[in-house]
Structures are given as C-alpha cells and as structure tokens.
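Each of the two complexes below includes subunit A, the first together with subunit B, the second together with subunit C.
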Partner chain A sequence: MTTMMDRSASAPGHAAGKRPLIERLNIVTALVLGTVSAVVVWQLALRFLPETPETSLFFNREDKISLLSLIGWFVGFMTGIGALIGPFRWALGKDLNHDENMFLAGKDQGIKRYFRYTTDHKVVGIQYLVITIIILFVGGTLAMLIRTNLGHAQGGWIQPQTYNAIVGWHGIIMIVATIIMITGPFGNFIMPIMIGARDMAFPRLNALSFWLIVAAVPPVFISFFTGGITTGWSAYNPLASQAGLGMNGYIAFICIFAISTMVAGANITTTVVKMRAKGMTWNRTPIFIYGVVASVALALPAFPVFFLSQIMSGMDRAFATSFYNTAGGGSGWLYENLFWIMGHPEVYVILIPSVAALMEMAPVFTRRPLFSFNLAVMGIAGISGLSVLVWAHHMYISGWAPLLNAPFMLTTELISIPTGMLFLVLIGTLWRGRLWMTMPTASIYALLWNFMIGGITGIYLSDVPADAFLHGSMYVTAHFHYTLMGAGLTGALASLVFWFPKMTGRMFNKTLSWVSFWLVQIGFNVTFIGMFLVGLAGQPRRVESYAEVFSRGNLITTMGAYTIMAGMLVLLHGVISSWRSGVKAPMNPWQSKTLEWTVPNPVPLENFETLPVVTSDAYGYGKAKS
Partner chain B sequence: MSVETHGHSNPHHEHPDVVGSRNRLGVILILVADIAMALSVLFVYFYLKGQNVNDMWLPAATEDSPAILALSSKGTWYITALAGLGAAAHFYGLKGARAKNATQLVLGGGVALVFSIAALVYQFMQISSAPFTTTSGAYASCYFLIAGLNALHLVLTVFIALGNWNRSRLGIYAADHWHVDIVNVWWIWMTVSSLLGAFALSFA
Partner chain C sequence: MSDVQVSNKAKWWKSADVKKTAIYWVILTPIIGYVATEVQLRSIGAPASEVMASVKSLMGIFTWAASPVAGLVAALALTSLMGKRHYGDNPPPDADHEIRNSPRAAATWVVVSTLLCLFALITGLIVLQKDSESILDAKAININVTGQQWVWNFDYPESNGVRSEVLYLPVDRPVVFHITSKDVKHSFWVVQMGIKMDANPGYVTETAVTPNKIGVFDVRCAELCGLLHAYMQNKVHVVSQADYDAWLSNRAALEGAA
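Right after this comes the complex of A and B.
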C-alpha cells in the first residue's frame, strides 16, 4: 500500500512495519466482522433466550433472534469499516492528525480508496453512483420478473407468495435507489465543487452516510430468503407484525437507511449554508443546490418518523407490544399515519432534485438564462412546504378521519400550483432558446411530458370521489411510476450523462446515450399507459393473476417493460464502456458557467487551489459580460 | 458565473470560530431529526391514549391477569431532574471554559458525567421494576418505548460526557472550546426530551 503518512511522526510508538488500525480496515474487514458478529449474536441468542411463553399473542422468539442478529451484523460491519474510530478517538482525546485525515481522504491510494471509509466527497460520490446502479439493476430485474409473470393472465410461473415478496422487494429497494440517485452521486461529487467548497462540512459523516447504506443492503437481500417482504413496500401493520421472518430484514434496512438519510441531510444542509464560496449569495446559488437542499431538508424530519414506525413494528414482533395490535389497544391507522407522514414528502425528496438538475441543465443547452430564478425557488419551497400537509390522501379509503378528507384534498390539489411554477420555468427557459440537442436536453422534454401525465393523473387520485374508484388499482401504480420514474429517473439519467465527464474524466458515448434514451422513454410510455388502461378498467394492483379481459393491456405493458430493460442495458453498457475507454473529456465540455466546470479533470483532492470568489450568477448566457 | 481566483489561500487553518459555527449547525440539524422522532413518540402516546382501542390503553382485570395501572410519573420526573442537574453542571463547566478556568471546566464536566450515569442507572432500574410487561396493553407499550428511548439518549449522554470530561482533563480545550459549546446543545436537548417524556407519562 502506498500512503503519504509519515508513520513515525503520525503514530508514534507503534512497531515498525505494523500498519496502524486505521489503515487496515476496509470492506473485507467490515464484511468479516459483520458476519462474525451476526453469527455470534445468533448463537448466543439461541442459547440464552427463553422459549416463547404460550400466553403471548404474537411474541416470537425467532423474531428476537433474527433482529438481534441483524443488530449484531450492523454493529460489526460499522466497526469493521472503521466508523467508530473517530468517535472513540474523540472521547480518548486523541484526535485524528493531518496525515491520518489525508489517509482517510484517500490520498494516493488509487482504487483501494473506494473500498475504505474514505472521506473525500468525490470518492463518496462515485461510491454512491456504483451502489445506486447496483440497486437499480436488482430492482429492475425484479420488475422484469413481475412483468413476465403478468404477461399471461394466469401468471403461474411464480408462486403467489413469492410473487408478493418480489413486489415488496422491488418496491422498497427502488424507493431507496430513487431517493439516493441524485443526492447521493451528484449531491456528493458535484455539489461541494458547485458551491466552491473544498469538501463537505463533515467528511467523516459523509463516509458514514454511504457505508450505512452498504450495511443496510444485506439485511433486505437476506430477507428474500427468510420469507420475503410479502406486505408490499409499505409494510402495513398489523399485517407486517404477523408476516414471516423476512420482515425483520425490512425493519433493519429501513432503520439503518433512515439514519443514513438523517446524517446526509444534516451534512449537505450545513455544507450549503456554511461553505458557499465568497460572493455566492443565495441569489447566485445554482438552482440544483436548492433542489438538493430541499430534498434533504424534507428528509431530515420525515425519516425519523419512518424510523420510529419500524422500531415499533419490531417491538410488536419481538416483544409483543401493542402499538399496532388492536387486541392490545394498538391501531393500524397509527402505522398508516406514521408511514405516510414520511411517505408523501418522500415523493418530493425524489422528485425535486431531479427537476432541479434539469433546470440546471436547461440554461446550458439553450444558452439562455434560467427563466425566472425566483419563481423556481418559490416553486421548490412551495412544494416542500405543502408536501408535509398531504399525507392522509393515501388514507381516504381506510376510514380514518373522514372529516379530514376535504382539507387533505385541498392541500394535495394546491401542490399543483408550485409544481406548475417549475413547469413554467422549464418551458420559459426552452422557449426560443438556441437548442443544443443532447440527451439531457431531450430529457427535459421527456420530463415535461411524463411529469405532466403523472401530475394530472395525481389530481384524480387526490380527489376523494375519484379515488374511491381508482384506489388500489393499477392506475395508482402507473401514476406513481410516471412521477418517480418518468420524472425522477429521467432527471437522474440526464444528470449521469451531463456530469459524467467531470466525475470520470470521460465523455459519455453519445450514440449509446441517445439509443438508451429513446428505448427507455418509448418503453416507459408504452408500459405505463397500458397500465393506466387496465387500471381504469378495474385491474387491482399487487395481484399475480388477473381476469382475461385485462390480457391485452398487460401484454402491451410487459412488452413496454422489456423495451425499458433493453434501454437500461444499453445505458449500463454506455456507462461501463465510456468509463473504461471513452473519449477524454475537456474541462468544460458543455461550456457551462457553474463552478464544477472550472476545475480540471481529474478533480484535485481539495478541488480548488485557491477558493473562488463569485461575482455573478451562474446563468449569464447571452449577456455581453458574464 | 464569473469568478475570481483569489481568496482563502490557506485551506488547512480555518479559524476555530468558523469550524465551531459549522459544527454547531450540523449538530442542531441532527437534533432536528431527533426532535422529529421525539414529537412522533408523543404523537403515538396521545393517539393511542385518545383512541383507547378496545379499552386496552389500561386493560381491566381479567380472570388471568390483574388490572394494569398507570405508574406514578414521579420516577420519570426524577430522571429529568438528574438530567437537568447534569446540564447545569455542564453549563458551569462551559462558563469555566469561556473564562479560561480549566479547573471549573473539569469539575463541571465531571459532575455532569456523574449525573448522566446516575440518570442512566435510575432509568434502567425504573424499566426493570415496572409492574407490567411489554404485553400489558398500549400504555405499557408506550411506557417502554419512552423509557427505552430516554435510556438510549442517556447512554449517548454518558459517552459524550465522558469524552468531554476526559478532553477537558487533558487540557485539549485550552485554546478553543467550541466542542464544549456543542456538548451543551446536546445536554439541553437531552433534558428537554426527557422532560417531554415525563410530561407525557404524567397524563396516563
């Protein structure tokens, strides 16, 4: 291993030739220690936990053992990756010195830094990009299993309970992937450079937020082999309390992911508030930054509620408490409230950064200033504010508080207004612009189309009488795919192509980006318009077989899904081939005016030799002096 | 975006106040998440109490089991008082740090540590001596939830207080004391959250 550390100076007293602990920890030690801890806790629990008393209603010894083992995995993994070194060194009064911090930053470590608790925001950004691709790949594969089974009315080649588990697994991991797909890779790699900072405010917390996600993934993957998530991604209680052991993997996954989200939210917000370059006033701060901050600021108070809901779900399973068990004084509505208090802001956690990223690209590819920057900021703020007041529109049909249906219908429909502002900003920027037609430019049009359909169909679902008919049908599934995938993922894929040169030093293959774009967008619209039609005709969601009358619509949907798959595989090929052997990218291939394009490729460890002083906004295209 | 490339020339030596201000905001934002969770716990408590589903908030006696009675909230207020005393002791130490009085800093931090340990021990005693189990209805569930989360807060507080006291003892805060300021923020929130729990349990 090559390091810059002067060991005799940085770690006095350790034996010559023996590497300090901080250098020995990596993903291998994390996996080994996590696995060993889980097995040890499992065996201890088997030996010492008393048998289940017969009087308990739901008390389950296996749930306790399973949850304890998952906690053991988590603690072992985080210890093995080195997450606890910082806090314990702080408590001992032995703060990390400059050389150790440089080691943690990954200086001169080559590819090995991607497998360590590396604090450099650029490394963390790449780590996020890779894990997002992996999660999307797994989630996409599951989607293809679902669609293949639904290609025929009788389904049949997947057992019903396995099908339920696949649907639940697909749902939750896609939700997580879409939450992190912008703020993870681009929020970490691009955002600090874009605001003129050398790193994130808390580099160690940055590494922590990433490795927490890595620690969270195995429990949810293992859950598939221990009964699966048969409740759907929302894991409604008391159904979840009575589901198989796989549900414990879901609980562990959500709890760990929620911690990661909270940590990332605090870190990103602090970075933007405190570390913007001199002269970068709020009016000169790029709109993408607003999108990222709005996303993480929404997540910051929302995910602790989800965390708590899962803690209580785990307690109901393992300790037979009565939070959701009506026989013991609990309430299923309690879970629904807690879940959707997180669940609806979460939609905008996904959506806002994608739209903001495309608003960032629109001026670049039209060579025009962003149309009404202030309106864009107001739109983002309006959506963020209203999004915490709409959660119960998911519960109209549940019977909870019917008197509140009308107010929640009103707040939900009000959200159309700030959403319309964002549409206006995008259309206003494109209007009469000198278009440079690239895949990101086309993605702006795709987003406008998809988000328009997603938004308008959402208005019907927010309407109580219409929802009474549409609730629980494939129409709902099509609607949220139009927003999360049609708008959210479209923005993320455009971001990938746009910032690929800065992140990898290579241009994304133009042909492959176009082929992928058209396959995905055509496939997407075929898939989900077909799904709207069968939903309107009455096909319920989350079923593994259906009446013959829905056959044609489902066949069309499945064909569309295969087209999306082809497009995503082309994109994956584009990522790998362009990264390995693409054309070397110039420093600023798009002639953009934001700060990330002022640093060379590869971006130096501390980004800027001297910190920049900003003297104008980032959208001065077409002006005499900008 | 027009830029000039002059400005801070030495990136490695930020003023401690700048670092402290940044860290303070970060801690406050993390506390926002914790506050959201604490408020959610209160929501759970009062929601289930208000609903009293199947009259099982405090189950009546049956042939097999006695009635579940709400616990006196005195114990939880005692724990809050211990937390408050710890916060006061820490603040005393912080004033010492601001006045460059190392002895006062170490003394305040040490006393705060003792109070945090006392509160933690008392919290565990309270949990282990509860006259009901987790299966005893909605009130009991909420009781264990609130007590458990308070115990988690106290475990963190003991760790933080121990580190703070140790660092004070080693003279690390002689030059700047923003760590002590930030630990003070934690102590205040921890006391408030304990108070919220005690408040809720006073309305069984």
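Right after this comes the complex of A and C.
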C-alpha cells in the first residue's frame, strides 16, 4: 500500500505491553469470536431445543438451530471487530476521547488499519474496493462454472442440485457486488473529498456498514455446503421453504446486508445534504454525487422491505408460520410483491451511480462542459421516482392481478423517458468534444452501446403480450446482464481506472486497461447476444440442461463468457501490478476540475488542510471562458 | 458571444458535423432496424397461434420504432469518434466551444421519446386487450393444467376425466387453460404459441390461445421449481378435430379399462 506510514510512537495513554481493548480488536478477533459464538450457540441449541413433533411440515428444529447459530456468528463477529465499543462506552457515559477517536480513524497505523474497525472514509473505501473485487471474483468463477456446464447440451457434468445452488449463489453475490461496486469504493473514498468534506457525517456508521458486509459473507459461503441456495437469487416461496438448510444462510445474509445498506444509505445521504463545501450549491454539486445519493436513497425504502420479506421467510421455516404458505392462509404472491418492491428499485440502485460516474468522466475526457446538467439531474430523479412504482412488471404472468398489468406497463414504459435523458446528456457531452482516448472514454461508448440494447429489450419485456412469451426465458437473463453488467459494471470498471490514481497513488497500467476493456466488451456482447437468441428460441432460464436446438447459441455464449473471464483476469492483474508498482500518479493526472483532485497523494487524514470554497460547477472546460 | 449564438442558430444544420451525423443516421437506421428485426424474429421461429404471431409483429414494430433512436445515438457517437482524438498521457487542449445546453435539442428529445413511449404503450394495450378477450370465448375447450415437481398433467374435464402428460389440442379451436400447482410455483409455457402463465399452489390462473397450426410443439416450465426444473417439459400435439376426438375416445377407453 502506498499510504503506508511508520508508526512513529505507540499511542499514548497506556503502559507498554498492555494495550487497551480498543486497540486489540481486529478481523482476527472478530473471526474467532464469531466462530466461537456460532459454535457455542449451535451446541446449546442442539442440547436444549425441543424436538419438533412428527407432524411438522418442514425441518423446524434444524432451521431454528442454524438460524440461531448464524445470529450467534453475527453478534460474535460484530463484537469481535469492535462495533459495540462506541455504543457501550456512550451508554456508560464515557464517550471515546480524542486519542481513541484518532486511533479509530486509523492514524499512523499503516496497513493494519485496513483490518480494523477504522472510521476514516478512505480506509473504508479501500476496504470496499477489495471486498468488491473478491466478491466479483467468486461470482465470476461461479458464472464460469455455469457457462461451462451449459457448454454442451444434454448432461452437464454438474449435478442438478449443485448446479441450482451455483446459480443461486452466483445470482445473489453478484447482485450484492454490483450494489456496492460504485457506492462502496467510490462513494466512500471519493464522494466526501468531491464535496469538500473531511469525512462522512457518521464515521462509525461508515465502518459499521463495511464490517456488516464482511459479517454477511460467511453465511452465504457456508450455505453452499449445507444444501445451498437452490432457489435462484429471488428465493421465491414456497420453493424456498422447501429448500435445505442453505436457505438460512441466504436469509441471514440478506438481513445483515440490508442493515448495512440502510446504514450506508442514511450516512451517505446525510453527508451529501449537510457537509458539502461552502458555495457548493445543488447546481454546483457534481453529477456523480447525484448518482450516489439517488442510489443509496433508493435503497433506503427498498431494503427494509427485503429485510422484512426474509424475516417472514425465516419465520415460515423456523416457526411454521404461514406468511407465504397457501395451505396455512398465506400466499407466495405476497413474497413476490415484497421481493420485487425491493427488486426493481434495486436494479436502479446498481445502474444510476454507474451512469452518473461516466457522466462525471465525460467532460473530463472530452474537455468540454457536461451537456445539460439539469436534464441529467432530472433524468436521475425521474428514474428514481418511477422505479418504486414498477415492481409488478415482474409479475405480469404470475396471475396475481391481471387487471394491474396495464397500469404497471404504463409506469414501466414511462421510465424510458428519463432514461432517454441520460442518453442525451452523454451523447450531448461527446458532441464536438476533444476526445482524450482512455479506457474510461471508451467505456462511455461501450455503455451507450450496451445500455441501448439493454434498454430496448427492456421495452419488449415491459410489454405484457411480449412478456408472456419472453418471461422466464434466457432473454430476460441476457436483458438484465446487459443493464447490470453491460452498463453497470462497465461504469464501475471505468471508475476504477479513473479514480485509481487518487485511491492508490499510482496510475492504472494503460495497456492492461485497454486489453481488458476490449476482451470484456467483445466477450460480453458475444455472450449475451447468444443468450438473447436462445431465449427467443425458447430456452428457459436457470436450467442445467437444454434441448439440442439450443446447442449452438449456448456454445457461442460459453465462448464469449471465457473471453470475459480472460478480460477480467487481465484487469485483476492490472489492479494488483499497478497498485504494487505502477507509475506514481501526479495529484491531478486527468486535469479534472472536481475537488478530489485538489488534494495530494496519498490523501491526508482529514483530506483538506483548509476546507475549499466552491464558486462554480466543476464543468468549466471549453475555450470560451469568461 | 450572443452574435455567435445567433449565427449558429441560423445555420446549425449547415455545420459539417451535423451533415455527417445526418448521413450516418440515414445509413445506420435501416441497417440497425433490419438486422435487429431479422435476427430476433428468425430466432423465434414460426408461430403456432395468433397470439404468437402478434408477439412477433409487436417485437418487429418495436424494433423498427426504436431503430431511429438507436441509429441517432450511434450516428452521434460515430461523429464524435471521428472527430479530434487524442492519445497520450497528458490531456488535450480544451474543446473549441463550451456548449452547456441546447433547449431545442433537449425539448425535441424529450417530446420524441414521450411520443415513442406512448406509441409502445398503445400498441401493447391493443394487443393485450385482444388477448384477454379470448378467455371469455364460450365455445372454447377447457383444459386443467396441474404442475407438480417435475411434470405437467393435463385434464380434459369435458371428456370423461381423461388425463395426459402430453398435451393434445385440436387445431383452430380456442382453448382456455386453468392452471394450478400441487407444490411450488411453476410456469406453464407453450413456447410456439406465445402463452405463459404461472401455476401457483392453491390458486387457479387462466390463459387462452387458439392453436392455428397442426404439428408438435413444446411445453416447458419457465419458473425455477427445484431439482429437475430443466427436465419439466413435454410436447403438445396440435391435431385435426377428427384426430383429437379419436384420441380422446381412445384415452377414455384406455382409462376406463384401467
């Protein structure tokens, strides 16, 4: 790490050899305490929980035990990492003193601060970046397993049970990775500097939101070995109540992740509303900030619903309640509604910050002002507003409310209007610009291409009669990969290259960024155009084998997927090698006008020596300056 | 400054960039429209019902309606790519203008996209209306569809309790499916007829279609339903009315014997 500093002197206020508790907690204590606590709870539950009566519908006792153990893990882990120290001390009336706060901020700790409950937003940003890369790596590996299995028709080499578990695992962890991939690393590291703040509004909540994600990941990994998430990421009931103990891992994962998202959402929103630099009016606030806020603000109403839906799912499993069990008076449609009330805003949680990040880069790499800032803001606001009103387009053919199909078709198709505004802003900014050809610049074009395909296929899917044919087919899978990966991930990779110099102090290797760009984009389009075609020909999604007629399309898709993998591995190599030994970055390598480029590398602890005062927006490029 | 703007306004369409874009647009739009329509409609294959035929024509119409927009974005992108490009580690000089807005372009864009959106909506609603009316057809055959892990069962209640795993339908007769499930959620998809409806445990949902082609088509499950979801598929035989009646009486006799 480039920001490594020698620890010049041990922190004051304690005798040598006996460090205070706050300094001894780190990821190791967290993992140990989490594991111990899970095992203890597990053993206690095994011993003391009464046997389930024979008549019980599902495996109640095992479900109770595994859910309790997961709660034990969660509480143990969060205690072990030190999340409770602050609240505990506050409750005792002995709040943390200045030195302790400085310790928590990671002052003079070198690399160790990345493994602690550190509150500095830059540390949290790097932590998010690393965990995003890890999750994407695992999710990508699972995708390759799926594609390899589908490489040739009948009889894949993965057992159906395992295959379904892989599909579910790939789905949910990729959703989580894409949700955090912009607002996590760049929303935490870059955003506060960009608005001219010293840190987030609630630094400890910031640390909390990251470590909650770390706490959430092991349950979903373990679930793979206890039956797996065999339901796809949507975990529809009653299929989910029928699934094995792995579902409890999913439930715990979602609940913890939802808390993390809510905490991060409240924190980021507050930071942007309250802590922008003097003079940074809403009209002068960079568009990336709007994207990040729209994303986390959308998550605020969405994720409590997801949380609730999984609590109810867990209760159905553990206590034989019947929220979703038709025989007991519940309804699977209730689950579908709750799930998609979260699920549709959630795709815009992923997409909006990505598009906004590319909008932020567009003026920098075309050396001209952003075209129609107001339309960009209105587009983001319009998408956010409409996205909470469209959820039932996932349920056109569920039979839940056929009479609502027409209204939901209306709201869904209306989204094309604000989405079009975002296109106009990007294309308008490219118009007569002085193109500086870098990987982020090319990513803008890639986004236009991919998002155009993703958007237009979305119109077919929003149309009820066409959806009656396309729903549940590979066409849908290809469509949402075009939006979440083709648009979302493209923006995130561009952001990585763009902000890499500020985050690591080194330039991203140019050649590697270009090689990976072309491999990923070409591979991506081959993969998912092939998938569109087999979907149109009638291949359902989430199948582990298929009819012979789909062989050619699937082979093309698999070959494309391997190309993506090659590209992503090149990118990973680029990240590691550039981070270790890349060219040292100047303070402002892109000659950008936003505030994060006005601070030195490495960014000092509280970012700014004196807080900046903003007198114009950040898009004053172009010759005719007044 | 204002002079420049006025003179720009007067002849904005004469600028070389605009002309280039217009040419690209005119060339790209039909190419995009043609390729996208052909590739998609060919993959879908021949329809076996009116419903599927209208899905195909809807997708064709939408693709053609969207292609001028896609063509314009592609043309603008191409123009910008063909303009001044700069490679290197240091930024190029700034662009020679500072256009921050164009109320006319923005307004045109928003109005046109709104009109396209309304067009898509109205076209869709017309087809939807036509499709939903077919459920009310009094002359229709009724078939009960039951999904269970991992097989479809078809009951012909008007024909002495005949039950089958392969669906038989007479050609050119409307049929209404009453769909339910015994365990988890499935989705009943008759691929070449363009209909799909979820099978929910405890509820009966309905969808209707009139097969208009004799042949063998596919029934698949389109909602992940557990271990053998991929194998939950079977055939639908669309036969002439005479063959259908013969098959029904044959089945009824068989089941009576058993």
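Here is the rule we use: the second predicted complex is superposed on the first by the 603 of 626 C-alpha atoms of A that agree within 3 Å, B and C clash if a C-alpha of one lies under 4 Å from a C-alpha of the other, contacts with A are read in each partner's own complex, and residues count from 1 in each chain.
FYI, contacts are C-beta pairs under 8 Å (C-beta built on N, C-alpha and C of every residue); 3 or more make two chains touch, one makes a residue touch a chain.
If you're wondering where the values come from, they're calculated on a predicted model, not measured in any experiment.
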{"item": "Fit or clash between subunit C and subunit B when superposed on subunit A", "value": "fit"}
{"item": "First, second, both or neither for A:428, with subunit B first and subunit C second", "value": "second"}
{"item": "Subunit B versus subunit C as contact partner of A:326, first or second or both or neither", "value": "both"}
{"item": "First (subunit B), second (subunit C), both or neither touched by A:555", "value": "neither"}
{"item": "First, second, both or neither for A:263, with subunit B first and subunit C second", "value": "first"}
{"item": "Partner chain in contact with A:381 - subunit B first, subunit C second, else both or neither", "value": "neither"}
{"item": "Touched partner set for A:153, first subunit B, second subunit C, both or neither", "value": "neither"}
{"item": "Subunit B versus subunit C as contact partner of A:144, first or second or both or neither", "value": "neither"}
{"item": "Which of subunit B and subunit C A:593 touches, first, second, both or neither", "value": "first"}
{"item": "Which of subunit B and subunit C A:284 touches, first, second, both or neither", "value": "first"}
{"item": "CA minimum distance (subunit B, subunit C), superposed complexes, angstrom", "value": "8"}
{"item": "Intersection of subunit A interface sets (partners subunit B, subunit C)", "value": "326-327, 331, 620, 625"}
{"item": "Residue ranges of subunit B in contact with subunit A within the complex", "value": "1-9, 11-12, 21-23, 25-26, 29-30, 32-37, 40-41, 44, 47-48, 51-57, 59, 64, 134-135, 137-142, 144-145, 159, 162-163, 166-167, 169-170, 172"}
{"item": "Residues of subunit A that touch subunit B when the two form their complex", "value": "55-57, 59, 87, 90-93, 95, 98, 196, 198, 201-202, 205, 262-263, 265-267, 269-270, 273-275, 277-278, 284, 286, 300-305, 307-308, 311-312, 315, 319-323, 326-331, 334, 337-338, 341, 593-595, 598, 606, 608-618, 620, 625-626"}
{"item": "In the complex, subunit C residues that touch subunit A", "value": "1, 17, 39-40, 43-45, 51-52, 54-55, 58-59, 62-63, 66, 69-70, 73-74, 76-77, 79-81, 83-87, 89-102, 105-106, 109-110, 113-114, 116-117, 120-121, 123-125, 127-128, 131-132, 179, 183-185, 187, 189, 191-192, 194-198, 200-203, 205-207, 218, 220-231, 233"}
{"item": "In the complex, subunit A residues that touch subunit C", "value": "160-161, 164, 167, 230-232, 236, 238-239, 242, 326-327, 331-333, 366-375, 397-399, 402, 405-406, 409-410, 413-414, 416-417, 420-421, 423-424, 427-428, 430-437, 445, 448, 452, 456, 459-460, 462-466, 468-469, 471-473, 510, 532-534, 536-538, 540-547, 589-591, 619-625"}
